[in-house]
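Below, each structure is written out as structure tokens.
Same chain, two partners: subunit A is paired with subunit B first, then with subunit C.
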Partner chain A sequence: MDEKVLSTEFEELLSSRGVTRRGFLQLCGTIAAATGLAHITVPDVAHAIEDSVIGAAEGNLFPVIWIEGASCTGCTEAFAQIDEPDPATVVLEMISCNYNETLSFAAGHSVEEAKAQTIKQCAGKYVLVYEGALLEGWDGWALRVAEETGVNAFLEAAENAFGVVALGSCAVNGGWMGSKKTPAGAIGCQALMAKHGITTPVINIPGCPANPEWLVAVLVDVVMMGVLPELNIDNKPALIFEQAIHENCQRRGHFENGEFVYKFGSEEEKMGFCLYAMGCRGPQTKANCGIVRYNRRRSWCVEAGSPCIGCCEANPMDSSHNWVDVNASFHERHRDLRIGNWVVQPRTIGLAAIGIVTAAVIIHGFGMKASKRLDGAIRFESQREWDAKHPNEAIGYYGADRTIIHEDGTKEVISAEEFEERVQADYESTLKKLGAAAASAVAGGVKAAEEATEATAEEAQAETVEPVEEAETEVVEAPEETEAEAVEAAEEAEDAVEEENEESKGGQE
Partner chain B sequence: MTRSTIDPVTRIEGHLRIEMEVENGVVADAWVSGGCFRGMELVLEDRTPADAAMIAQRICGVCPVSHAQSASIAGEKAMGITIPNNARIIRNLLEGAQFLHSHILWFYNLAAPDYVNPINALKASAADAHDLAVAAGTSTNTDLKALQERLTKFANNGQLSIFSGNWFDSEGGQGYKLPPELDLICTAHYLEALTMQAKASEISGLLGGKMPHIMTMVPGGTMFVPTEEKLDDLWSLVNELYDWVSSTMVQDTIALVPFYKDALNWGGGCKRYVAWGVFEDASFEMNNRYLPAGVLKDGLALEDVNEDLIKEYTGHSWYEPDDVELRNPRDEGLTKPLYTEYNVEDRYSWCKSPSYDGQCMEAGGLSRLLVAYKRGVPFIVEQIDGLLATLGVPGRIDVLQSTLGRTGARQIETLYVATLMKEWVAELIEALKGGDSEFFRDPTTTTGDGTGFWEAPRGALYHTEHVKDGRITGYQIIIPTTWNIAPRGHDGEPGPMEQSLIGVPVNDVEKPINALRTVHSFDPCTACAVHISEPSTGKHFETVTNPWGVK
Partner chain C sequence: MAHFAQYREAHPLPFIIFHYINLGAFLTLLISGIFIHYPWLPMVMGMARGAHITAAIVLLINLFIRIFLALFVCTATSPGTRQMEREIKAWLPQPENRHQFIPWLKYYLFMKKEHPLTAKFNPVQKLAYMFLPFSFLFMAITGFAMWGPTMNWVICEAFTNLVGGLMNVRIIHYAMMIVNIIFLIIHLYMVITEGGIPLIKLMFLQREHGGYTYDIETHAISGKDEKEYPKLLS
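Right after this comes the complex of A and B.
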């Protein structure tokens, strides 16, 4: 292409669009004149500091280094979606984001220099946001940036930071790369820092991606209040990650009514029924997704029709406890019960719901419509309080025989009383088994709790294999006096019975 | 000879290193290398196709919808599903929203910083800038004076934030060429674009639950079922985006061209293209997609896509020597990594070299547009012919085969997608009005093989999987950037991006801004470019380091 030719063509272009060349040039100046302005293209103030590429080391903005490790850039992308404040306000008026591989105007050695200068000139005064996993595979060379391993780049920046924000499940514990199937050797920020004796405070913000509202909430804490937010035992912001998604779910009412979606894209979905039967991990995943929502509060997973896949599940000290390995297959009912980093297959619904998660039982027990799918799963009240007062309008049912379908497919009909007894027995034996773990978790902190839990869980697993046949409840069918719609729903349900999973170390406070 | 390096390349997805030999101010040779290994294909083994659609998205936070879509199509082919019409439309809308998000973000927030200097905008006359915007026919939604005051306040504080270490002074201050008024306008649009790309992702959030990493795409259709309250939001957001895109993006591009017209002279690359096609029409035929499938050989000769001709070569990559020189990923997908040493005469990249009919190919927006042009898609033909005429070079489609051409082509595509979004919303409303309430279909088999040909915003995307009893036994992915950043192929020909760099003027080896412009014109996305399907000899990776010993 001939440049000279095009130059003339541009004049034609202008005239063809009704703009005179002269008018255009008067407004914007000639190319030569424009390039002549180059000597003032950097703010004068930047020159006040000799050889600085970051400008002033201090000012109104809180210095931030944002490093991407083995990332998909999804957490940066998510950050780009926020409003109030929007990302431009954040990087122009809240923080001085001196290094960010996606937003930085600089590239190559220039951007590395900006990082090095920030670490040196702002030591102890900047926040490090780390996105993506750290990879220890092949001595750290699984991730190579600017002739350095990702691990070393992180450690240097972390050591000198005011605080480290591990942004997204990958940064918290390796995320999907924590799967044993890949040799990349993923590890989270907190675990890696512990290995290297770095004591800079860590704030873990899981999620895939992390909701940008969570990051900005933390930044506001740090930037405007000069403090780190209150953290839970996993170093996750307590107010954000204390409650299960299920607790604040907009479809929760349908759960309690026993109204479930059993097929994607169905009429039930259109009516916004509960996705628990489709494998929703909301009951065991702790985050406030349903409150903050995503994409400028436009929607969130469950609202759009998808069961939660538990992407906030991340144990900072254990990469194998990553959300993919813990939660897949996502659309199958979750049957695993996790205690610390131990996974057991509960043999009974009752065991899971009653024995382990007392707190969750409280959550779920209230107002539960005793449809046959749920009946017996929750050992909370033998009769709903409201039902007792309004026998003619009761929405629960009581006293009917129960049909238990065992794992081998055989059915057994037992009386309501006997059912209650069995469930009660389960409840008590489970409490006994788990009592030691719970007690030491409260008394002895994480480490002790994990060890105790592990040991107890092992025991518990071994013991559940004992023939407690009545406990193998898959479906509890009710007789026909149950409401018609509940009967209909139950026929579709294979095993939509309540079960809960909970880490013993969570929720101890 | 001088060595010039950009590592890390910023404003892309992932980790990328560019190394160049510069001779007499021009790049004489170039090597492109991806820097991160994660192992996605391994993680997908033994999972269900539905889980694969969820997990595979995590390859890339910029184009997760495309990966979910490609994985879902592969799963549907393997399990014998044709998705319902409603699901087709909703998935087009999801993909379209991602294209809009991605292209807007890429042009204004990732690529434009190679051309626009916001600090220079401080010197502008806001009144003149407004007049200039009117003259250039571009939108003026921002209070330019207020923006200038905001920037001044920022500059006076002295901390440079995202401008730290900028290249505004590259090439002795000659690198950035816009007059202050145009810098001010483009800075205003940089900020507006941040809002608009987020609006586009709101559509993804509406239909997909959240973005990035949507939740409702599943083999069989969609989990999302529209209600009235969702439809009106969708309709409104789509219109808002169209209004902004149609009044801003192509106009800004044309305003920039005169100042950087030199970039129409280089950066062409291999000038052969692949496009697998994207946005399904009711026929579900690849060649009928709204942006159709096709391969353009030398001289832009158009051919239909033949999966058997897609092969990968590993002779210049860190993999074990192989008896088979060119492997088909579907039938012979087998990858055994083996690091030796960084030697441009031998092996020097993690990235394999994909080829079509034995030749390297460029993927991306330009590829799609050229194929659509050759296939006679009316909107594209009209827009490209119109643009070339406006530039005074009617019919000279070769003008687009350059750094600036590749950069500009995406704005035409953005306009096309914004237009289609409006059509799809109308189509969806019609379908629902007509009583169609089907959104999801069950598998007809649990064992089979399937390939999902699709397009991410940055180019041709290929997922192929083998499924047995509902579980994946083999999974291979070829993503767009693998095509583009490929090392030398079996015949020694440099990869597309390497070829595009050769001949690029570099007057400043410290800050090779033209090379950066060329790399950004591909919109690279490297996180997904390096992946393997089988662990092997891992201990050999330990010597992965930079062998160049230069900055």
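Right after this comes the complex of A and C.
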């Protein structure tokens, strides 16, 4: 068996390029890890690549068309930095990249011809990698190449493809070009295809830029193993976009320990603490950035000290759910809400709502006090309003005899009319007591104020403070301190009413 | 004595215990939630998350038990009475509530002087309380949709997609907290101004208090209880 493997044509191809068998298996391991496959699948990956590359010698490479939409070419740039396998290997030996505006050597008519031939001759057998957003603005008159609009070029290529890989957040749902400020009418591949009834399978790989390792992982699945990767509800590869960044973050320990960066340039930042307080979107953005990392697995955003800004957030069918609108302002706790031209954080609305309700409750409380309801001056309606107006359909029967349970537990039965009279009498006497208390309090206050103006400041102070302590002993002996009597009388009246209220305060919840 | 009598039948022991658990879980969720929202007190982050999730599960279980109890336990579904019915009746439209929604609003807004007759819960209050279980369930699903171990459950993922992503889930969770705080403010205010000390004593200590009595047969006030109730728990 060893002999069989060692003697493959593929082995010769590798050694001619200076690649050892060990190096090749390392590549397979990397791909398996990037796809999220277990290490036991490394031999499968190796066989897939071997088969494909052996096929390459016979001119059977899987054709790929790579079209740039409204993009910054960042995803291509990121892809150009990949090292295992390097871009040349991918483009020349793993796939047959027949069209790529950035990387193709050919230009002008000949490259457009190559694209047209691929679409025609390889219908249903090529993969379309689409980078950047599709623009529906300006009636679709955007991204024109060779007299064809970007939307039409995409639709034609997508319709005949084996699969469409929407590379980068712009291709997934418009990305930052879909944000509210732009007039471009940016839309993602899947949504545009759905609009035009194209059913070619779509694989969404969001990110700004998308991690090239993810693209290679998907290409291995699609091109070499001939299967679509397992996709989640958003048509994103499930193994890559299943867990939140927060779950695999290298700063997670600091999060659990409660060690946070509150300010850039601080000691905490130097210590590499968690960036949650700086608005990190890791807890709500699903991607395996922390595992795969960027730039040849050297580092990634959070490792480099930037809070995650959620660039992988993208709902393919809704371009208003683009990662910029969803996450800006990046250092705030929540996204900004827009009400017309007013940009506001949910916190402001929340605190305002609590403030308004608290103020309303306080004002209502003053109303309760002013209406004397708070002091117990409440009278139940003798019958329901509706019953009074509709006696024939009345809900309650109000004519039954009433039972009064006295303090000692004895019962007294009286007629409804008599009961109502007593209720009214109770209510009026409560009002009277409250009125008297209020009146005497006012009278006492006025009298005290009058005398205070006559007396000197010191005397007035002494007179208003002392009577409270000396009232009981001095009131009889010192008739000149009339204000003390008035104040005391008012206090007694108030106390009496309050005591009564406290005793009588009952009722429903 | 211008209030209804506070009888223990209105809030039997299981519901008193329910109320205590609710209070504890609610306050725990509120306080720990504030620390999770933003690490104001960083060192408690781990504890706050543990407490938050535990209290949420307690509140949820408590809610289901409460719904179960409402179907089987009998309580006084009207105020100032010892006549009991299945508790669920207090949550459904009762004869006592019919045509009383507008009068209640008018009373609250000082446009009506006389205190309307009522069931244990008046129509406005009933709507507010009916909103609570839905609010708790809504809080729970938004919470679980954001929590790592449960965020990929089908129901959570479907909900996340329905509302347009985890950021929106987070904002909804936050907004619901604001709504619940507003509920708490109004609840406390109403308890203090409408029921006062006697109601608080009944709800927390099961102490009874006299007042007007009510008859659920005639749907009207049936008299008055002026008895001196013992001060201590008996």
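One rule holds in what follows: the second predicted complex is superposed on the first by the 275 of 509 C-alpha atoms of A that agree within 3 Å, B and C clash if a C-alpha of one lies under 4 Å from a C-alpha of the other, contacts with A are read in each partner's own complex, and residues count from 1 in each chain.
The rule is simple: contacts are C-beta pairs under 8 Å (C-beta built on N, C-alpha and C of every residue); 3 or more make two chains touch, one makes a residue touch a chain.
A quick note: this is a predicted structure, and the numbers were derived from the prediction, not measured.
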Which partner, subunit B or subunit C, touches more subunit A residues: B
Subunit B versus subunit C as contact partner of A:Gln121, first or second or both or neither: neither
Which superposed partner A:Asn248 touches (first subunit B, second subunit C, both, neither): neither
Touching partner for A:Glu256 - first (subunit B), second (subunit C), both, neither: second
Subunit B versus subunit C as contact partner of A:Pro283, first or second or both or neither: second
First, second, both or neither for A:His321, with subunit B first and subunit C second: second
Footprint overlap on subunit A, where subunit B in one structure and subunit C in the other make contact: none
Interface residues, subunit A side, partner subunit C - complex: 233-234, 242-244, 246-247, 255-260, 276-277, 281, 283-286, 310, 313, 315, 318, 321, 326-327, 333-335, 337, 346-347, 350, 353-354, 357-358, 361, 364-365, 367-368, 371, 373-374, 376-386, 395-398, 400, 402-407, 409, 419, 426-427, 430, 502-509
Contact footprint of subunit A on subunit C as seen in their complex: 1-6, 10, 37-39, 42-46, 79-80, 95-96, 98-100, 103, 108, 110, 112-118, 120-122, 125, 146, 148, 151-152, 157, 161, 164-171, 174-175, 177-178, 181-182, 185-186, 189-191, 193-199, 209-213, 215, 218-228
